[in-house]
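Chain nomenclature is as follows: A, B, C and D, assigned in order of appearance, with residue numbering initiated at 1 for each chain independently.
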Amino acid sequence: MHIAGLGKHGEKAWYQYKLIRVYNPRETIDMLEIMDLLVRIYNIFFGASVLFLIAVGLNIIYGVMKIVNLAHPAFFVLGCYTIAGTGMGVMINIFGSSIIPLLITPPLLAAFVVAVSSLLIFPLFLFISGKGDEVQLLITYGLLLIFEDIFRLIWGSEPLRASQPFELAGSLSIGEYLIPVYNIYVIISALVIALILWIFLFKSKSGLLLRASSMDIEMAAALGANVKKVLLLTVLIASFLAGLGGGLFIPSASAMLGMSVEFLVLAFVVVVIGGLGSFLGSLVGAFIVSVLRTITLILFPELELALIYIVAIIILTLKPEGLGGGKKW
Amino acid sequence: MLKVEDLHLRISNTDILRGVSIEVEKSEVVAIIGRNGAGKSSTFKSIVGIYKPSRGRIQVDDLDIIKLPPYQRVAKGIGYVPEDMRVFPWITAKENIYLAAYLSKNLDKIDDIMNMILTIFPEIKNFLDREGFYLSGGEKKMVAIARSLATLPKYLLLDEAFEGLAPIVVERFKDAIEMIKNQGIGVIIAESNVVIATKIAEKLYVLERGETIFHGSPSDLLNNQEVMKILRGS
Amino acid sequence: MSKKTGRRDFLKGLVSGLVVGGIAGVAGTEIYRGLAPPPPPVREEIPTTPIKAGIQAYLTGGGALWGKPMMQGAILAIEEINERGGILGRKIEYVVKSETSPEETVREYRTLVLDEKIDFYVGLISSSNTPAVGPVAEELQTLTFFVDGCTDFLFESVVPDPRFCFRITNIQSADGVAAAIGAIKLLNLTEKDKVRIAHIHPDYAYGRNAHAHMQITFEKVLGKDRVEVVYEAFPGLFKITDFSPYITEIIANRPDILASSLWGADVVNFYKQAIGYGLFEKMKYVSCIAHAASPAEAVKDFPDGHIAGVHANYFFLYPEWDKYPINKSFVNNYYRRWGTYPDSPSEGAYVAVYLYKNAVEKAYTMIGRFPEVDDIIRALEGMTIYGPAGPIHVRAEKPNKHQCYKDGIVGISKYDPRFGFSVLDKPIVIPISKITVPEGWEGTPDPKAGTLAYSWIRETWREGVVPV
Amino acid sequence: MVERLKRFFGDDIKTNFIFLTIIAILYPIIYVFSPGWGVVLGHGVTWISALLGFNLLFGYTGLLSFGHALFLGVGAYTVGFMYKYLGINNIELHLLGGILSSTVVALIIGPIVVRYTRIFFAIFMLAIAQILWSLYYKFYWVTGGTDGIKIPRFSILGISLEKLDFATYHHVYFYFVTGLTFILVYIMWRIINSPFGLTLKSIRDNETRARFIGVDIYRARLYAFIISAIYASITGVLAVNHHRLVTPDIAYWTTSGKVVFATLLGGARIFIGPIVGSFVFHIIESFAMKFIYWQMVMGILIIAIVILMPGGIAHLARTLVDVVVSHRRRGG
């Protein structure tokens, strides 16, 4: 059998694969099934990492400011666009194709850009903190719409990619399996970010202030906390994390208009499952949503989206504060 | 001296305060008496800066603080213990105190502060590492006062300090207030119970419908039938 | 009656003669010489007011890879016509609106007709949108050229007897069938004992149709018991940015081929991520559509050696430029105007505008005044013109009345350093008459797949025989 | 005089009827000049029912539902299924079906969700709405997925409208819906000014006190929830008969956002608010859609309106009357 244009490596793999299937079915299949499972788990971790990076910022903002920030995923997408639209090109000009700087600098650049941009809309956050839920929902929804068109205005309407790090990092072959190295990098980075964030929140003075403010910001103020500074810190941290997430995520996907809303829907479920305003909840929730998505894709694809909402509702009914322990962070 | 003059406050078209005036010296215990809704808590919240009065003056040692945001008033020496204590529930008692010291930039003196607190409330040592949520009412009260003391205030506002406490515990707190007073701190207590107030305070103010209708010594008050009648609510 | 038969005979000759041999056979120096003779001298005053065209295209989101070239194709045609003095001396103006979800697309369409008062309409990519707009177009009685939105449902069940709607692109069944036949021929699948197939298609009319038509073709041509479906997934259109869970599932089920109709941003995301998982080395990817639009962006470094479909429509390298100058000049003009190479949606929109022009001129020669909508429609029905992709014919009778037909083309993906992106190599041309429901066929749509083409293939094709 | 004027601008049933009558008189005139804006008015009148229902829950009961698209979706898909599987296109049967199915849905989820308030209620409603949305979206062979279900023109009392031309059909639709809206407005007015309505308001203003004086809060909220659901589903039924297309969009959370915004724009807590809001919202939306960057225009408008006009149009009108009257009095 002739396969046109496969390239040497490809053709070899194609034949190898056929040979294994034909001559040694029993043993290899067991091994392969284990591998399938491992790759699925690996995928779950990747999905959870991305969701965590979005949801944790959403949670921090809700925790301290009591705002369900519908525009938060737009921060994440702004990070994506910063890199896919501009940043990656700049980085490649500077670093060429050396992989390490291309892995590290884009997320940091994105985080910086997003955090600085969040300063511009900070007065709006200041305005809505303490206002009614409906006002907060509408204004952050308005922001989400504006962000979408800002992306279009600056970077155009076509999907943008920044896949160089993804491609340069290549794939790791385990047996006959290939898994992209970049995704491993994302998982590890998310873990490191979670760890640093945990240390900040639970071991630092500012972290203590943030946690106390999330419990009772008025009292924190009566004890001498500058509320504006606390809120600023909150928005900066949340947007920094979102930018970091966007910069990390984008090389493995493409920046697309309308992405914010897709992520909002998922991040929102993460937050509901994990518990509003809970750090631990973001981790738990991200993981659960990722597992649910993978399972439904295998077993009942029709329920892919419904199932995560059903789980969210069950958790809301049984434990309205979420699985992450609610106010405890 | 903490001096409140002619304070007016309006919240959503309702007059909450209509000319409240209070004076507190250092090392003095003053009580503000009034029925529920008379405006005691609102007066406190106006002094702390949670509410923005429409008219009037608030001075700490001849310095006008009415324009300052709450966190700057703390630096000027206003300490506040709200009615429901509002001890942060998910951090430990120690962290509550520690945070207050950090916020008022007294972290370098944290050892002295802890000493002072432990002399006034030795019991606190037993539950320093317990989270606020798991403290009993009396314990919460101690932590709330200790937390406020950690900001090294000149004037301490205690809203309903003795509400819901057993008589023995009330005695315990009376001693504590005495000790705080002896540190040179002016203590203002909002209280609806006339008996307790007259026992603790050297000077009394009576609020009714957002107005100061009486000020003077405990014996003056007990002799003033008119005011006592209002306070009894008849 | 005799007139009808005459036309049908003529068409038969046309389709089998011109269409099959058209690509090599026809040469013309001037773009678009319709079949009609040049117009006679003016008999009645032609208004000088401009003709107004409405264009509706995806301008944002995952569909922009298609919407933008479509808009550019239409604008290029309008500018060319205006440069040469317009249609019968009338210049064309245009308004652009954006294509989004069905509901909003319909609303924008209404605005174009009711407020902008357009004379004709060119637009739409999505198969969700054409069935939504189609009935509205009939109701508002506006001459409407759908560039794409190729679902068989449109002219089979939604608007079975259209007056005002026309559709330029090849019908979906032709698209899916062409890709499957291309795969069978190019990958020599007939030599295999058993073929394991996985499917991934966007979750709406187009993806569902593509799934059905590719599957039935494989089953018919290879034999039902030699085909095994191991995995099927229908991710939402432009809803997924991370395809890794799908990719893992596909690989885990070990198919020989992966049949797919992902398009726009979806296909870009999918293949980029799939490379990382080594998907392309484990199976053959059979796409009916990946190379059809914005190839420079959509399939920049697409792996070599897979089945590259172009929506059974057009790829700018074919018909070969030296043998078919119409295509060469179109590619040149388009590149000069927009800086990119034309693709299936731009060719479609371009042809749509010229169809309108030719129909107006043809009607004018017959009635001697600037034609009304009905005259234009009469002129359009059964018309054949030469577009960049070769001859294109407007069907006049049911089923699929007002659907346009041209030969399908499928090839193998190959990176071309001249262009810097993946192109279509070793193309095979699949005569449209062999893969689509013939005019006048009286069957009923298949209850499961919902299309006539499905029934037609199931009932009339001989199992185990490659029809082309 | 002043009091009467003020009442007229807020809490008088006559104002609502006069407003609707003016729109109904203007409609054919506007349609002649621009059929597009006529269609926009059609949207406006269609949405009044849902906004009234939402306002009963939000403005009068204090429950912010961020998932009202749920009931619009129920109404819409009831119509879709009735046509697709039973071939029914009688609008009166559609309305009946919508009311029945939304009552059933409200009875199933209501007892659970009305236990929650504030943001939890909002989230709960959102999550449930999203479940139904994803079912509409994913079960392609039943619901048509994103392609939706196409329905023909409806018939009234067995009279088919299929043969009418476009303009006539739209007029028939508009006046049918306007007539229906008069009835719906009147019923809602009676509900809000009944003892039940006062109960709701007392719960909104002070839940603890209401409980103290012996109000069965749970039951009152549940009833309000069901009424609200029915009103929203009526808009669902009408809206898809207007578009003649049932798609999951109508059940998506952005639709819920529209409901919230339109109500706030008109003025929550004020009876006429949703009625004014429905028209103004659709006018604003159509205006924004004329721009290429319409999302940005819409976003800026939302933010500006929420910040500058927190009480909505009805509140603004009332304040203006206040100012003018007091100014005149001082001047005279």
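Following the convention adopted for this analysis, contacts are C-beta pairs under 8 Å (C-beta built on N, C-alpha and C of every residue); 3 or more make two chains touch, one makes a residue touch a chain.
Model, not experiment: these values are computed from the prediction.
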Between chain A and chain B, which partner chains are common? none
Most central chain by CA mean? A
Would you identify the chain whose Cα-based centre sits farthest away from the centre of chain A? B
Between C-D and A-C, name the chain pair that shares the greater number of C-beta pairs in contact. A-C
Roughly how many whole angstrom separate the Cα centroids of chain C and chain D? 41
Rounded to a whole Å, what is the gap between the Cα centroids of chain B and chain C? 78
Between the Cα centroids of chain B and chain D the separation in whole angstrom comes to 50
Cα-centroid distance, chain A relative to chain C, in whole angstrom: 37
List, in ascending order, every residue of chain A touching at least 2 other chains. 152, 301
Residue numbers in chain D touching 2 or more other chains? 137-138
Hey, what residues on chain B touch two or more of the other chains? none
Pairwise, the chains that touch are A-B, A-C, A-D, C-D
Taking the complex as given, what residues does chain B use to touch chain A? 48-50, 69-71, 74-75, 80, 82, 86, 88-91, 95-96, 98-100, 102-105, 107, 147-148, 151
What residues of chain D sit close enough to touch chain A in their complex? 58, 64, 66, 112, 116, 118-120, 122-124, 126-128, 130-131, 133-135, 137-139, 253-254, 257, 260-261, 264, 268, 293-296, 298-303, 306-307, 310
Chain A residues touching chain C - in the complex, by the definition given at the top: 1-7, 9-10, 13-14, 17, 21, 32, 36, 39-40, 43, 46-47, 50, 152, 157-159, 161, 163, 166-167, 171, 173, 177-180, 182-183, 252-254, 256-259, 262, 293-294, 297-298, 301
Under the touch definition given earlier, write down the residues of chain C that touch chain A in their complex. 59-62, 64-65, 68, 186-188, 191-192, 232-234, 238-242, 244-246, 248-249, 251-252, 254, 264-265, 268-269, 272-273, 275-278, 280-282, 284, 294, 297, 303-305, 412-414, 425-426
Touching residues of chain A toward chain B in the complex: what are they? 205, 208-209, 211-212, 215-216, 218-227, 327-329
